[in-house]
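The structures come next, written out as structure tokens.
In what follows, chain A forms one complex with chain B and a second complex with chain C.
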Partner chain A sequence: MKILVERRENPSKITTLLSSVLSIGLALFVVAIIFLFYRVSPFEAFRRIMLSAFGSWYGFSETVVKAIPLMICASGLTLAFRARLWNIGAEGQLLIGAISASWVALTFPDSPSFLLLPLMFGFSFLFGSIWGLIPGLLRAKFGTQIAITSLMLNYIATKILEYLVYGPWKGPSEWGFPQTSKFSISAQLPRFASTRIHYPTLFFGVIFSLFLHIIVSRSVFGFEVRATGENPQAARYAGISFFKIALATMLISGGIAGVAGFGEVAGIQLRLRMGISPGYGYTAIIVAWLSRLNSILVIPVSLLFGGLLVGGDAIQLMGLPFAAFDLFNGLILLFVVGGDFLLQYSMKVEY
Partner chain B sequence: MNIVEMKGITKRFPNVLANDHIDFCVNSGEIHALLGENGAGKTTLMNILFGLYQPDEGQILLDKKRVTLRSPRDAIKLGIGMVHQHFKLVETNTVAENIVLCLQIGGVTNPMNFFRLLQNPLHDVEQRVKDLSNEYRLKVDPRAKIWQLSLGEQQRVEIIKTMFQGVNILILDEPTSVLAPKEVDDLFNTLHRMADEGHAIVFISHKLDEVLRISDRITVLRNGRVMASLITSKTDKNELARLMVGRDVLFRLEKKQTIRSEPVLEVKNLEAFSDKGGLALKNITFKVFSREILGIAGVSGNGQKELTEVLTGLRKSEKGEVNILGVNVTNSSPIKILNQGVAHIPEERIKVGTVPNMSVSENLFLRRYNQHPFSNGFCLKKDIIRQHSEKLIREYNIATPSTQTPIKLLSGGNIQKLIIARETSWNPKLIIASHPTYGLDVGATEQIRRLLLKQRETGVAILLISEDLTEILSLSDRIIVMFNGEFVGETIAETANIEKIGLMMAGVRDA
Partner chain C sequence: MISALEVFLQATVAAGTTYLLATLGEILTERSGVQNLGVEGVMIIGAVTGFAVAQTSGNVWLGVLIAPLISGILGGAHAIICVTLKQNQIVSGLAITMIGIGISGLLGKPYVGLPLSAKLLRYSIPFLSNIPILGPSLFNHDPLTYLSFILVVVLWYFLFRTRAGIIVRSVGENPSAVDALGISVDRTRYFCTVLGGLLIGLAGAYLSLFYTPAWAEGMTGGKGWIVVGLTIFSMWSPKRALVGAYLFGGIEVLQYRLQPFGISPSLLASLPYIATIVALLFGASERVRKRIGAPSALGRPYTRGD
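== the complex of A and B ==
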């Protein structure tokens, strides 16, 4: 028996969509088997996930809350991924953004909102982009792999956060919890009605994904990014500076992830503390991939994953570990990447 | 005593007839050279003998019995081995480990061999490598890691590998291209020794001198056909050069008289390193004038690639100066040189010249994306780009389903036409064309040559780099021959002597 693998020339849009849907389906199937091992009916579990995430106004509002950081981080990542720069560091960039926004909030608590919030926004973008720029610079100058350096910077960011909330920034009246004091009212983002939806950040998320789509498909810069990603040698021949593209895309995607951190501290936690992100930066990688690096598709896909996060909380009540969510994430990515292979190659079995 | 006989071998690739009814045979104890220019079909023919390709027509006889070779594994089983131009070794493993690796493929068929390997493979192999090293003067340390070895040593490992596989017909593809002169001597000693013991050796090369030195018999290929099969002692360089390069001009192109005017490109004492670290350009000085085509002849790998890269800003030079229209652009960025009016038709048209997944339209403005009227500095102007693409597709006769088709779906000839459309449609001052018609069919070749001549008449300076002497002779006004990183001779095209150029291409300076 022989397996022949042949290159497929041009997969159609429908095959591409089918492959995405199929990869989610297969991931669900494998998760269902694992649920069975826990003696939990997978149908019941999926029903509860859907109900808790999309079945009520409250549930849906929580889904949106979780979708906001995913949407922001993932839209930034699509840009870096277009240039084939594997930024795995959105998590760290988000944390650094949260830390710098918090510094502003804690340093100028009495400034009015209209000054304070934009300043927090600006700082989170600025420092998030610096955190993204470091791996970009190392790649452009020394050829180190961004996937590795950006991942390592995540741990450094986590440790900085840990140091700050256990140490110098620990709130004096927080009963020893590792967190800062609550932000002043003027450093808090407004929320929609009685929900936790901090709508200014949601607005930015939608703007980022629309804006980046236009940038990538219409602008000169977007053309440079795509050409660099598709064929770096031809890009160089076309006069595109890899140095510039590596720095610019990492700067933008890092800065955008930083803004997600600002949203989390100023919109949800209202203080800096450990565990402000349950791995949003990592889940965003999957969101970006499943959106096929199209930043508009990031909006619906991040809602889906926000729902899964909310549903993940619900199935804990059924005796399943929260890790089931991470498992599901991992499986989707695995199947999407595997599906990409099938998109590009056709396989035949010969006897 | 023919141990291998290939009869009427024909192999077609899309747009190319690589082998056209080739007859070829090798005797045991013989070193048989397969001589020809790049693209003549030498490697294709030997890849067929090694089982990498299946012939479309023809048959292979081994010891007078017909054989079918479906894969290199079949070939090795029958005692046919090949040392490729690019070695197939695992860099991080040792010499002995690499040999064990190849034995487990070739050796599984022999249970004794396999079980012995299971016991203590490395020790036995290391001992035998040492024995073979002494016997054939193939000096190599079995415990050294491949990446620590020079290319010459790696080649020896490949040869030892074939000995382990019990090969008695050995094919070497351009074996000297990576070797230093001393290493060439060592290799030749080894090959003679192997031939004396009854091995049959096929030696693929385009270098006349070494073919005359090493071989017993020579088969010359050109354009996929056998030109002649000769006894080495009964031929000479001039005959071989003529057979290899050919006299006949494919097309009669009408070349108008032009009077060259001011110099456009001036290069002084240029030196640059190759990727491997050796000096690829040695003290190169020349000028190209407006309304002139300067042809650089030479077998590839003699510094042409590095020269074009330095001239277009893709490689840094170590020494020397490049001026374009009086502006010093030595080691400037590619974009600055481009903006100085330099069009570049690159040698590797798909790897460097295009972005395969992007559309025809995007590839048509790839090098001008940031210029008026295609963008306003920030946004691309889709309408203008579309109109521009449609116009170029019409004018340059590019066959494509639409402007939005990914360029990778186009044929090689159309991809090259697209590149030439892009590079010549904006009134450049200088065109650097590397192998512009390599591998293309007759129609596309002629169209591209005419386009270049037309550019010359409108006042453009053209630097033409090609291995195809017919092309160089029919297009150029002046010809420079490049060998081993140096210019070995210059001549006026009209009075050029093709044999003399052929000899200079082979490194004979005072031919």
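== the complex of A and C ==
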């Protein structure tokens, strides 16, 4: 008996969806076993996760709150990943965006909202994009691996944030907590009714995902990005500048992630502090990958992961550490990437 | 009598050993054409396993023994995705990192902040440790540090002086040629990825059992990623890994030594990450100049007839 493995072209949409669902299912199964080790019924845990994330209006609003940064970061990442530029620095780009928006908010607290918020938005995009541009430039100029450099910049951004909130930016009347003073009212994003949904950022998230989808699928630039990702050599022979693609995709994905940071400080925290992101930039990588780099699919998938983050908080109350969420994330990613094998190859058993 | 320089050098070697052990593991893995970006996750699993086993059994050496095995399994998971299923090594490595960090957070929960109950062992090597400057800095350590010296030589000898080493390097350079000779590319890559994971796990155990010694959540703090950079910096050579590892060990020690001068500890703590980017630039420019070192099939899955 022999197993024959053959490459197959263009798997159907159903196969793709099935493989994604199977990956999530497998990850859930492994996590369920871990729950059992903690003497927690997996069904009860999953029920609580779903209930806390989607079972009430308040829960769902919190799910949306957590989905906003995921949606924004992940839609930018789909663009970079399409070009096979492994930007795993969304976390740092988000933090730098948050820092720059906070600088504007703390420097011009008395400016009117209609000036201040756009300026904060602009600064977060600008500096987020610079933070993304560094690895892009180093890659295009010197051939350094974006995955490593962008990740190093995550750590550096965290250290800069730590320096600022423990040092020069520490609010004088914050009881010694490592955080800045609260932003003035005009530097705060409006929220929807009594929820924490800062809807302008949500709006940007949806716009980014739709807009990037159109760019990738319809524009010349989008074609060049895809061509570079699928076959860099052929793309170069076709006259597509790798330098331009590397810089443009890293600039856009970095800037967009920066905006997510603006949303977190101006919409949720209302100040700059440590821990403004529980790893949104990393979870966004999974969201992007699970969306098959289709930025429209990023919207529902980020809602799912927003829900998991809310549920993750809920199961901590059952005595399960939050690390279970990291593990679950990693497992999904591993199974999704492994499951792609089923999409690319068909298997036959021969006697 | 120990001078300030000797103290600094000794601390440098102690800090560098984590980097050295892990970089040797990653060099072996990458020489076969597989890049394991999951070093951070593999290392932290080694750290938590080592500490948990040592703490429960009261025997440090049991921890040192078990930790690499668990890390090797995680390395094996990476190999399944990249070698058997021929999927994206970057994404798989990322997944391995998250899984490693997740599991370590779960397993390590009861051990946070506990002092290591098992006894620590440091052996000065007679005669050698009496050499001025070099003696105390190199020959007054724990056995794992000595093992790391030996492993540099062993890995160098293996890669460049044995038939199996030639096969490993050929698999990383030109897998189809090796395949044509009837040698299994997949089996070689599995061997290197699992064995590499073992060494990275040993680095983790060293971190939590000898260097710190304690368990703290996320204690690797990016060391695994630095190792990925160091592997490129050392041009996939065990000898240069020695230089790179102690360079980064030195930077780590320097960051604490500079604190009394009034520089913010947060900014000092970002030194190793900045240095990694600089080291990558050195590696890159040198690669362009010499056009040697990098395994040319690195990162590419091998399919017969492709």
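Following the convention adopted for this analysis, the second predicted complex is superposed on the first by the 341 of 351 C-alpha atoms of A that agree within 3 Å, B and C clash if a C-alpha of one lies under 4 Å from a C-alpha of the other, contacts with A are read in each partner's own complex, and residues count from 1 in each chain.
Here is the rule we use: a contact is a pair of C-beta atoms (placed from the backbone, for glycine too) under 8 Å apart; a residue touches a chain by one contact, two chains touch by 3 or more.
These numbers come from a predicted model, not from an experiment.
Asks: Are chain B and chain C a fit on chain A, or do they clash, once the structures share the same frame?
Replies: By the criteria stated at the top, chain C and chain B clash after superposition.
Asks: For A:220, using the defined touch cut-off, is the partner it touches chain B, chain C, both, or neither? Pick first, second, both or neither.
Replies: The first partner, chain B, only.
Asks: First (chain B), second (chain C), both or neither: which does A:99 touch?
Replies: Touch status of A:99: no partner.
Asks: Tell me the contact category for A:152 with respect to chain B and chain C: first, second, both or neither.
Replies: After superposition on chain A, A:152 lies in contact with chain C alone.
Asks: Just to be sure I read the superposition right, which of the two partners does A:86 touch: chain B = first, chain C = second, or both, or neither?
Replies: second
Asks: Give one of first, second, both or neither to describe whether A:266 is in contact with chain B, with chain C, with both, or with none.
Replies: neither
Asks: Classify the contacts of A:234 with the two partner chains as first (chain B alone), second (chain C alone), both, or neither.
Replies: first
Asks: Who touches more of chain A, chain B or chain C?
Replies: Counting residues of chain A touched by each partner, the higher count goes to C.
Asks: Touch test for A:299: chain B only (first), chain C only (second), both, or neither?
Replies: In the superposed model, A:299 contacts neither chain B nor chain C.
Asks: When the complexes are fitted on the C-alpha atoms of A, one of 2-10, 56-64, 92-100 or 470-478 in chain B overlaps chain C. Which is it?
Replies: Stretch clashing with the third chain: 92-100.
Asks: Mind pulling up the chain A residues that touch chain C in the complex?
Replies: Touch list, chain A to chain C: 7, 34, 86, 88, 138, 142-145, 147-149, 151-153, 155-156, 159-160, 162-163, 166-167, 282, 285, 289, 321-331, 333-334, 337-338, 340-341, 344.
Asks: Of all residues in chain C, which touch chain A in the complex?
Replies: Those in contact with chain A are residues 37, 41, 77, 80-81, 85-88, 90-92, 94-106, 109, 217, 221-222, 225-226, 228-229, 232, 264, 266-267, 269-270, 273-274, 276-277, 280-281, 283-285, 287-288, 303.
Asks: What residues on chain B touch chain A, complex-wise?
Replies: Of all residues in chain B, those touching chain A are 312, 314, 333-335, 338, 344, 346, 348, 351-358, 362, 366-367, 369-370, 375, 377-380, 382, 406, 408-409.
Asks: How about chain A: which of its residues touch chain B in the complex?
Replies: For this pair, the touching residues of chain A are 9-10, 218-221, 223-224, 226-227, 230-231, 233-241.
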